[in-house]
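Quick one: the structure is below, and I'll ask about it shortly.
By written order: A, B, C, D and E. Residues from 1 in each chain.
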Amino acid sequence: MFTFTIRRLILTVPTLLFISFVIFMIVKLSPSDPTGNLPLTIPSEVREQIREALGVNKPLIVQYGLWLKQFFWLEPRIYLEHAFGWDLGTAGETRLISYQTRSPVMDLIMQRMPQTLMVVGTAYLVGTLIALPIGIISAYKQYSVFDQMGTLVSMIGFSVPPFFSGVLVIVLFSVMIPSDSYFWLPSIYDTTHEVTDWESFKFQFRQMIMPVMVLALQITAQISRFTRASMLDNLNQDYVRTARAKGMKEKTVVLVHVLRNSMIPVVTVIALGIPSIFGGAIITEQVFKVNGLGQLLIIAIQGGDVPTVQTLTFIFAILIVLFNLIADVLYGILDPRIRYD
Amino acid sequence: MLDTPKEPLVRVSNLKMHFPIYGGLLRRRTGEVKAVDGISFDIFEGETLGLVGESGCGKSTVGRSVLRLYEVTGGSVTIDGRDIAHAAPEELRKMRTQMQMIFQDPQASLNPRMKVSEIIGEPLREHHAGSAAERRERVLELMDQVGLNRDFANRYPHEFSGGQRQRIGIARALALNPKFIVCDEPIAALDVSIQAQVVNLLEELQERLGLTYLFISHDLSMVRHIADRVAVMYLGRIAELAPRDDIYAEPLHPYTKALLSAVPEPDPSVEEKVERIILAGDVPSPSNPPKGCNFCTRCPSVMDICKRDEPEFREVQPGRFVACHLFNQTT
Amino acid sequence: DGHSGERGRDGAVSIIYWQAPSIMNPFLSGGTKDVEAGSMVVEPLARYSETGELVPWLVDEIPTTDNGGVSEDLTTITWKIKPGIVWSDGTPFTSADVKFTADYCMNPEGGCAQITKFEGVTNVEAIDDLTVKVTFDKPTPFPYGPFVGGESPILQAAQFADCTGAAASSCSEQNFNPIGTGPFKVVEFKPNDVITMEANENYREEGKPAFATVTFKGGGDATAAGRAVMETGEFDYAWNLQLAPDVIANMEKGGKGKPVAGFGPLVERLMLNQTNPSPDLGPEERSVIRPHPFLGDPAVYKAMSMAIDRPLLVEIGYGKAGKVTCNWVPAPDAFNSTSMTCDKQDIAGANKLLEDAGWVDSNGDGSRDKDGVELSLLYQSSTNAVRQDFQALIKQWWSEIGITAELRNVDSSVFFGGDAASPDTFQKFYADVEMYANTFNGTDPQSYLANGLCDKAPSPATQWQGENITRFCNEEYDALHKKLSNTAGLEARAEIGKQLNDLIVQEGAIIPLVHRGRLSAHANSLGGVKLNVWDSELWNVADWYRVK
Amino acid sequence: MPDGPAPVLQPVLDVRGLKTVFKTRSGEVHAVNDVSFDVRPGELLGVVGESGSGKSVTMMSLIGLLPSPPADIRGGEVLFEGNDLLTTDAETLRKVRGGRIGFIFQDPMTSLNPVFNVGFQIMEPLRRHMGLSKADARIRAAELLELVGIPDAQRRLKDYPHQFSGGMRQRVMIAIALACDPKVLIADEPTTALDVTIQAQILELVKDLREKLGMAIIWITHDLGVIAGIADRVMVMYGGQVVEQAPTRELFGNPQHPYTRALLETIPTVRGARPDKLNVIDGQPPILGAAPTACPFRDRCQYRFARCDAENPSRTPAGPGHDAACFYDFTAGGPRVA
Amino acid sequence: MTDTTQITAPPRNQWWDVWDQFKTHKGALIGAVFFILIILGVIFGPWLWGVDATHIDIRSRNQGPSLAHPMGTDQLGRDTFARMMAGGRVSMAVGLTAMALALGLGTLVGVVAGYFKKLDGIMMRTTDLFLALPLLPLLLVIIMLFRDKLNSAFGPEGGIFILMVSAIGATSWMQTARIVRGDVLAIKEREFVLAARSIGTPSRRMIIRHILPNVLSPIMVSATLGIANAIITESALSFLGLGFPPDFPTWGRLLFDSVDYLQQYPERVMWPGLAISLTVLSVNYMGDGLRDALDPKIRGR
């Protein structure tokens, strides 16, 4: 297991380098321009000067090399300095700067991380927690009314785009319900809100309800389908019959024997889904103004902010690769039959 | 059938088939499964050589290597005087008409999405034997030969019973008029009441067409019925090879003895008298075979030398070959 | 009712901009959202009021030739700073800061987005602590570029000392949290997300601002912003609600807030290519060679204009935030020409015009033709729902007068992106007609009117840089504009301006469609809002208060 | 085992008129038709029959292990310790399963749960049925493993099923079935998937255990050789019915059903004479689409006559402890007279 | 030794069996009926309805459902019903083509990787690589990148269509490739492949005749999921402003445009929302049914 993990980790390095190059080229070649969104009143010479100042016109390879150096060598050192108060001689070097905000990209990302984790993470958790029982019961009572309803609801959840469901709940809960009502929910997420006491916690809870539920609907749909399929696979296995033949209670049979086996693929699917939540929640973030990583990315793309797009996309790629690895390792840990060495 | 000419049709010498195992940090080759580890035998024209042994001892691998369905690790196989193990692809393709195979699982060995006529006709089409109409005629002929109703030509395999499916497999093997057929456990997946049908059919065809069989099975009683000579395999090697009557009457190798004694007798009065040699323990893994004699971990009459030296496979009586240190003295 | 009292008496106010500010330093961005967010903190010497007049801000009076602030030869202007102004950190605001600001923006390595404000400036001199003299390289009848309006505020020299030139971008702390003289100061700036501000305790006016804190939220879309102010009441002020009129009307029914509109010089217009954009020509010739096969014919462009039902366009696209206009420069009022009318659609008239000019559909393919030239054109615009509606409508009207149009829309970041390698920029104008909106800063259109000068036409030689998008070229126009740049006095200037405007429209370079206003919304409980389209919308945020 | 005059004991398990039907999309499958049999304490009842003859379904019906749907038990009673297992409540049934009746399944490779260690799986019934503490259960589990001949039992409790070979897994299954000292052990083809040498080991083990523990065993197989070696009494099934039932020796010596006879004749042996040609049973097993109205074997039967097509024969005595469901009387050499 | 037993079923194509099985799955059947209705509707609908989807009738804008306009009209007075059908054409075409592309690519990669051991490593690494690329962001970038080049080559609609389809297709083949590879690996070990090899069948024919027909069922299931996925992705891209141009109706676009009017004209949201959901639902149910129908194990029962 250990050597497997190490081996996979080593293998990720060239993969990631290659991915970074691909992303760089794609992003770089895209025709969007950092000055494209400026008002028309700004004349073209000025635009050209701005571009020059941003370093847009340097040769591609130089830019890529610089990016590599900044991302892999400079930024980690800066974080080490922050964390431990060391001096690693980063003082004079230029960090990875976003075109739009003229501030270090990594700081932007760090700033956005809490929002994204908070909302999207909770949604993932809630979605999973709802999905598992639905999946389990649907499988155990296959073709029952519950199962049919579960299927229908989860498929609708899968097919309704969040820009629709999001606006729908906003109209229902923020507009139709008077704002002094107990059931009123805020339509705009306050990212500056800090939880300090019960009241502020309640507010946080209320403002999270809608974005979390809209996102969770999609997650629930997928995971419950998957759980159901996995449970169904396992319910027909011979060992289930063995467990019954041993006189175990139905509850034990389903929740101990079958569940444990079914969870192996489900857990890995859940792990694999985690990186996608960072990028995948873009639309929901947009609808509820939860300005997280997704919104950062969209704004950066629209503004031709190459360093931000490049870095964010690459971080997503790292996350995907990492969670792939985690999923595999998890598989190995959960399933005693799998031995990677 | 002892009057078979003494010229072997198939000659296998020191055949080795090792499957690599990869592992470690860089997926290096860390070992190998020695599925077949240096075996030699001849099969004479028109005879049936039975190959028996426990599951996983390498029987199927031998059968497949002989037909070069695997790229062998070492040794040579000649069929009808031509080297199979090292033939070039196109040459090999031509030689395939000479040698065919019948498979263990009649369900799995037929493509579920092809009609019976297509399955049987495939080798013909592959080797451009005749026009479509001629091929069709030949297919029907083959179906008659194996006792399949001509009306079934347009059905799919799943519409047949196990025994019928095995007949389809046999018809396919016969399509190109081969001389040599490897039967890899053709009856293992069949119900007792159907096994006999298939075995009888095979025997009948052999008589009629002068076929040569390598008959692989773990069912010792069936092998006794069909084979002229029998080779007993254990863990990638041949433990004993002898004419059928000799081996059943007086097995030499301790493993053969144990194997034969373990076969239950469907007759209580005989069964009671059978003296069982119960072997202890399980078969070692072929990736990590014991040092010395393969069988030394389970052998009831194990000696010190067995754990050190590998016994030689040699002729101890005329026509009887054994690989066991017990027979070192006898020549 | 809350007009006066102590500073910070009204607690919190919340503002939503659906485009999120990414930086507080207007010199590094130029985006309206950034300029306006910055305007709450950093201030210019003078501003434009909601009526477009110059008002002194950090000075006591506007320098003019009358009061001697502007030299007789129109080459210098001298600003006298109001005494006693301090930065929010308590240090005094001096002429050194003003001079520094000029140096900061004029540094060629800094990539200053407002450099045009300093066009022609040769020297900025701090005469004494409270006096600054700006010298221009030639007589400048309108010398109110530098230090006037939200785009050109004063930065604190002490804070930005290390941020000049190439270092400008790496000063994120300064750029996010500039020290200013404005009513508020930044507490926390989250780029592209939210800004929290609090009242500047050193603000020069007693009892202002009324609000102690500001939450300035960015992101989302105009619909959500409007809804948050007018329907759910979560926010007090929403900026620039570019929404369909009936959507706005419906939101207003929410009863929590109301929309306010203001009109600057922004005009949605059709630009008619004066050169030949035919793809058969090579890249060096396309949109360079004159004339256009048919757009130079007055009958054609007049008919095209007559076929358009402008009131309907306004109703569908902009509602309260739009007016019918026939002018290129519809504002300020003094410059708004009244010589043309165009608020009636006249299909029959247009048809007749074309008929009389010999344009008939001789081959029956639906488009009129003459001498083998078909009246069929490519009509491009940026990708935007309202523009596509306009395209569809106009295409239909034109088809009624026998002109077929092929529609095309290009993503706005490409269209306006100015990438010399892309064939789809509005500058290259590889189409017959294109539609977009443009405006100018401040109240003086001189440099805007320069967009009709022959030598401003983009071409391969200038890497397609240049603002004369239609490639309009008329000697009379060039001469008239020259005269403008040497004329002082508002009335005289306005007269010339109107002539220029009429000339370019009548010569068929531009078909103005809609005079677009800015529509914002504020909560009913927010008092003191004066929508200003000539400067930052938030120009008078110090005067805002809560209606009790 | 000698099957001398057995002392007449009360049967521990008495099955009467069991009928099981599967409802499938393509209609009903009458898998078990009116099956009756019993086992006495200490007796080993062998059950033979070709694939699909209903052996497994019969046994699983007994203790309610068939999933319903598709299975539907249409009738009969299963008397065990004074209860009818078919009608008793679920809780009692669960207590019987694993506690009083042990079950070994056909396929050792898939019958153990791959993600729990073997110790856990053996301890489960111990803790549930015998209420042992964890520690006690562990001790007992180790004993059981040792009993079924797995060396180093204490350590191997922690191993997972995939770490055992097929033979050992089958032994673990036996250990689980034996865990609570059941009165009846049902073994469904426990050695079919194994090699002869391993099979011999397990047969030896079962003989031992039966002597030691004195339980009744029902042993299902299609291998008559195995039956001959261990059974006291044999029941032959065909087409969802019991067609013959007799003490082992009697059955092999004097088969009274044409199917049994044909079966015995087809089987080659490794000992004794070698016939030139193997006998075969022609034809196909019956399709169990409807409740039988005629003899299920008639299509393949060489003794078939008119009555076979009209009526389904019921089991009639053919000797001491011997009965067969056939209209043909082999002793007399002609159709049985009613 | 002749078999006397007659299997009385007439000889028939195996697809009849698939169909037989499929028929018994009620959900799948209803799904298929809906799907076919939708397809027929969008293909022949505009032709029967005869109202041009781009025709502007400014006088009758923002109308509710009526006889003349069964689904009402939009802000320019275009007939929503006609636009729904025109949009459905595009959405369906995007769904089907993108699915076909993803499927083709996925199957090709999967089969090649599974069948040729030598290519397995590199193919699977490539697949992993694609899996590791953050798709939505890249999709956005790719669309920005190529949109205008293709627009100029194929016209605005053709260009964006090609782009959409290839972007969605090129970023969603990996799952199929993985599944197919897995199945091919398993099928390669099945004895009938060995049997074919023992006859001397070369690889090409082996793949076409033996491997492909047997990986059909996972491919079909991927296909149904692919359609749904493509339709949804297209609508998400519309929302982010990167889909088809605003004047070009697709269901995603119509839905997005009408979200602003949610309160005034709720039916405008309903139509495209309903269409997308119904299509996805029906396709999913069809997938369920197909999976069952194509699985010989289930079919055999």
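The definition used in the following text is that a residue touches a chain if its C-beta (ideal position, glycine included) is under 8 Å from a C-beta of that chain, and two chains touch if they have at least 3 such contacts.
What you see is a predicted model, and the numbers here were worked out from it, not measured in a lab.
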Other chains in touch with both chain A and chain B: D, E
Two chains sharing the most C-beta contacts: A-C
Label of the chain whose CA centroid is most distant from the centroid of chain D: C
CA centroid of chain B to CA centroid of chain D, Å: 32
Where chain B and chain C are represented by their mean Cα positions, the distance between them in whole Å: 88
Chain D and chain E: spacing of chain centres that average the CA atoms, whole Å: 51
Intercentroid distance (Cα basis), chain D paired with chain A, Å: 55
Sites on chain D at which at least two other chains make contact: 280, 282, 284
Where chain E touches two or more other chains at once, by residue number: 1, 3, 5, 144, 148, 241, 259, 263
Junction residues of chain C, two or more chains touched: 413-414, 422
Footprint of chain B on chain E - complex, ascending: 1-3, 5, 7, 9, 11, 14, 190-192, 194-202, 205, 209-210, 213-214, 216, 296, 300
List of chain B residues in touch with chain D within their complex: 54-55, 161, 191-197, 199-200, 203, 218, 220-222, 224-225, 248, 258-271, 274, 276, 278-280, 282-283
Partner chain C, residues of chain E touching it in the complex: 54, 56, 58, 61-62, 75-76, 144, 147-148, 151-152, 156, 241, 245-247, 257, 259-261, 263-264
Residues of chain A that touch chain C when the two form their complex: 31-33, 35-54, 94-95, 97-98, 100-104, 107-108, 111-112, 170, 174-175, 179, 186-188, 190-192, 286-287, 289, 291, 295-296, 299, 302-304
Touch list for chain C against partner chain A, complex: 16, 20, 22-23, 25, 28-32, 108-113, 115-116, 166, 168-172, 175-176, 188, 190-194, 196, 215, 217-221, 224, 227-228, 231-235, 254, 412-414, 416-419, 421-422, 427, 436, 438-441, 465-467
